[in-house]
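Two complexes come next, and they have one chain in common, chain A, joined by chain B in the first and chain C in the second.
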Partner chain A sequence: MTVARDPLQPLTGIVRLLWSVTTVLSLTAITLVTVASYGTSVCFTSQVGTELIRTVPHGEVGYVSAGSLRVCLSEPSGWERVLYLVDVALPMVSYAVLFLLLMGLLERGAVEGVHTVATADRLRRLGWFTLVAVPVATLGEAAARILVLAEVRPETDLTSLTAEWDVPWWAVVSGLGLLALGKIMRTSAEMRADLEGTV
Partner chain B sequence: MSIQVHLDRLLAERGMTLTELADRVGVTVVNLSILKNGRARAIRFSTLTALCEALDCQPGDLLSHRPG
Partner chain C sequence: MSKANPLEPLTGLASTVLAMSVIVFGAGTAIRLTFGLFDPVCFTAKYWPHDTVARDLAANVRVDDVDRVRLCVDDPAPWHHVLDLLSDAPVPLGQIAALLLLVLLLRNAARHGIYTPGTAADVRRFGHYLLWVLPTAAMVESIGRTTLVHTAVTFDAGFLAFFGEWETPWWAVITGIALLSLAKIVRTGAEMRADLEGTV
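Up next, the complex of A and B:
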């Protein structure tokens, strides 16, 4: 008896591996922040406020400048620990969910068939998540850093957030691409259903 | 669906079974059954021609439109 070959392998296997890695990293980060690091200092690295670090004359060559500012809180409050958790774990969690959705798309696609309305809907869901959730996660990460920075640097405002937020343009482009592909797939799935119902 | 298929009536009038018709028109019994039960989404002109020839009828005898 021959076993039907999964047409979506080895992609499904790779995505499953990446999902496992990101999930383990997310859970480890959450555990370390909430449990293991309790009572210790937490540090945030920000790209805003680097002007606080004065450039230092460096011989005859020029100046040494810093590209990032590291803020360490020796006795963080509960709220600051939550912000630290958001800074450390949120992007990783969003990647884990992204890989979970992608894994579901590939696994269900292999079982139910690629050109189905359900697969097109899953692709659309993945597109919306990539387009919205991934940028929102990075925005949350930036907001967490800015909120901590605001405590040590009072002039930090909303414009600092736009400077700190590194917009993941790959997610915007990929999300739009996935949405377009989902739309195309839905049309082809409906066409397939029509063809199958043609006598 | 508002398109009605009268394959049942035509077969009964001609004393023909679905299997016999399938043999004559070269369409599987499964597909003819889909057509007979109104589950087909479309019908090819070639199938319609073969059915009309086998049943000696017009397309209008086989199909009708029910408004609403």
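Up next, the complex of A and C:
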């Protein structure tokens, strides 16, 4: 049962680095928005509402329209600052938590063994988090932008939200993959327990 | 051996998504290569140095700057169409191929068993595919997009701007590396199982 080298190794190091980066970025963003940005304006970039802009044509092209809209509020209220915080920090926080869960899974898996019930449980938890929390975080981010945009653009409604929401399909597929992997690990953990019982 | 196929919700979903994407992408490409040849070619410039006029804004709101501008060429030459296809087809195509690899991997694993050398090799191949091919496809798209912009404007749009436009698919890189680890685990499991069978 001696393993020559840790099969999880390149991955654990990368995940630890990504966790540090996302955590530092989240904390910096939250600190800057809540503490340092008082008295300054806040800006949102959205995909919808680009018809508000007319740009001056230039070059050998037929016509020009804007691809995204950047709206700045020069005197934002407290609520608008909260929306700004959600827009800036929520997805990054969800990635930081995702990498934290993954790091815990890999480090405990390297110590306790991969084919254990505990690893299967951690995989299942990570799978549900990826499947549900990451899409919800991006939905929250889009909703924050739409709420700000609704003050500027009266025809903003629920269809704008679906246009603004970038559904992270990778998270849905990876989440289901992790749930399947969790089931496989549970089966092999049970098989291993049976075998040890037999021997 | 096991009551229910543990791969099941995933296999079904991946097959459905694969079928749907093939239909949508195939129809989209077919329309593009026929009726689309008479349409203007449109693309997005990320940098726009000129003034903008905003309207319908409430009091105390101003437009800060326009950082993504959509340009259209009304009478495109054939090479415009080629670059246009190159600027947004490689990533969807790469993703469809990734789904196909995933479905094949899951079907083979369900048929031959998960802890087999064959499954380990499949998982490793899928990991390498995600790690190398999808970022390359994104790079090709970025070069196509920036080339279109470079030929459409008279100001300097920036040499090597395609690196800034490169939307690296990080999920593919991380998932790819994770799959390489998983392949090693599956291989170890397969060897252990072979040893056990030898003992019994």
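By definition in this document, the second predicted complex is superposed on the first by the 184 of 199 C-alpha atoms of A that agree within 3 Å, B and C clash if a C-alpha of one lies under 4 Å from a C-alpha of the other, contacts with A are read in each partner's own complex, and residues count from 1 in each chain.
Rule of thumb we're sticking to: contacts are C-beta pairs under 8 Å (C-beta built on N, C-alpha and C of every residue); 3 or more make two chains touch, one makes a residue touch a chain.
None of these values were measured; they are calculated from a predicted model.
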Touched partner set for A:Glu155, first chain B, second chain C, both or neither: neither
Comparing the two partners chain B and chain C, which touches a greater set of residues in chain A: C
Partner chain(s) touched by A:Leu8 [first = chain B, second = chain C, both, neither]: second
Touched partner set for A:Gly177, first chain B, second chain C, both or neither: second
Which of chain B and chain C A:Ala193 touches, first, second, both or neither: first
Contacting residues of chain A [partner chain C, same complex]: 3, 7-11, 14-15, 18, 43, 45, 52-56, 58-75, 114-115, 151-153, 168, 170-171, 173-174, 176-177, 179-181, 183-184, 187-188, 195
Complex contacts: residues of chain A adjacent to chain B: 193-194, 196-199
Partner chain A, residues of chain B touching it in the complex: 27, 31-32, 34-35, 39-44, 47
In the complex, chain C residues that touch chain A: 2, 6-10, 13-14, 17, 40, 44, 48, 50-58, 60-74, 102, 114-115, 152-155, 169, 171-172, 174-175, 177-178, 180-182, 184-185, 188-189, 196
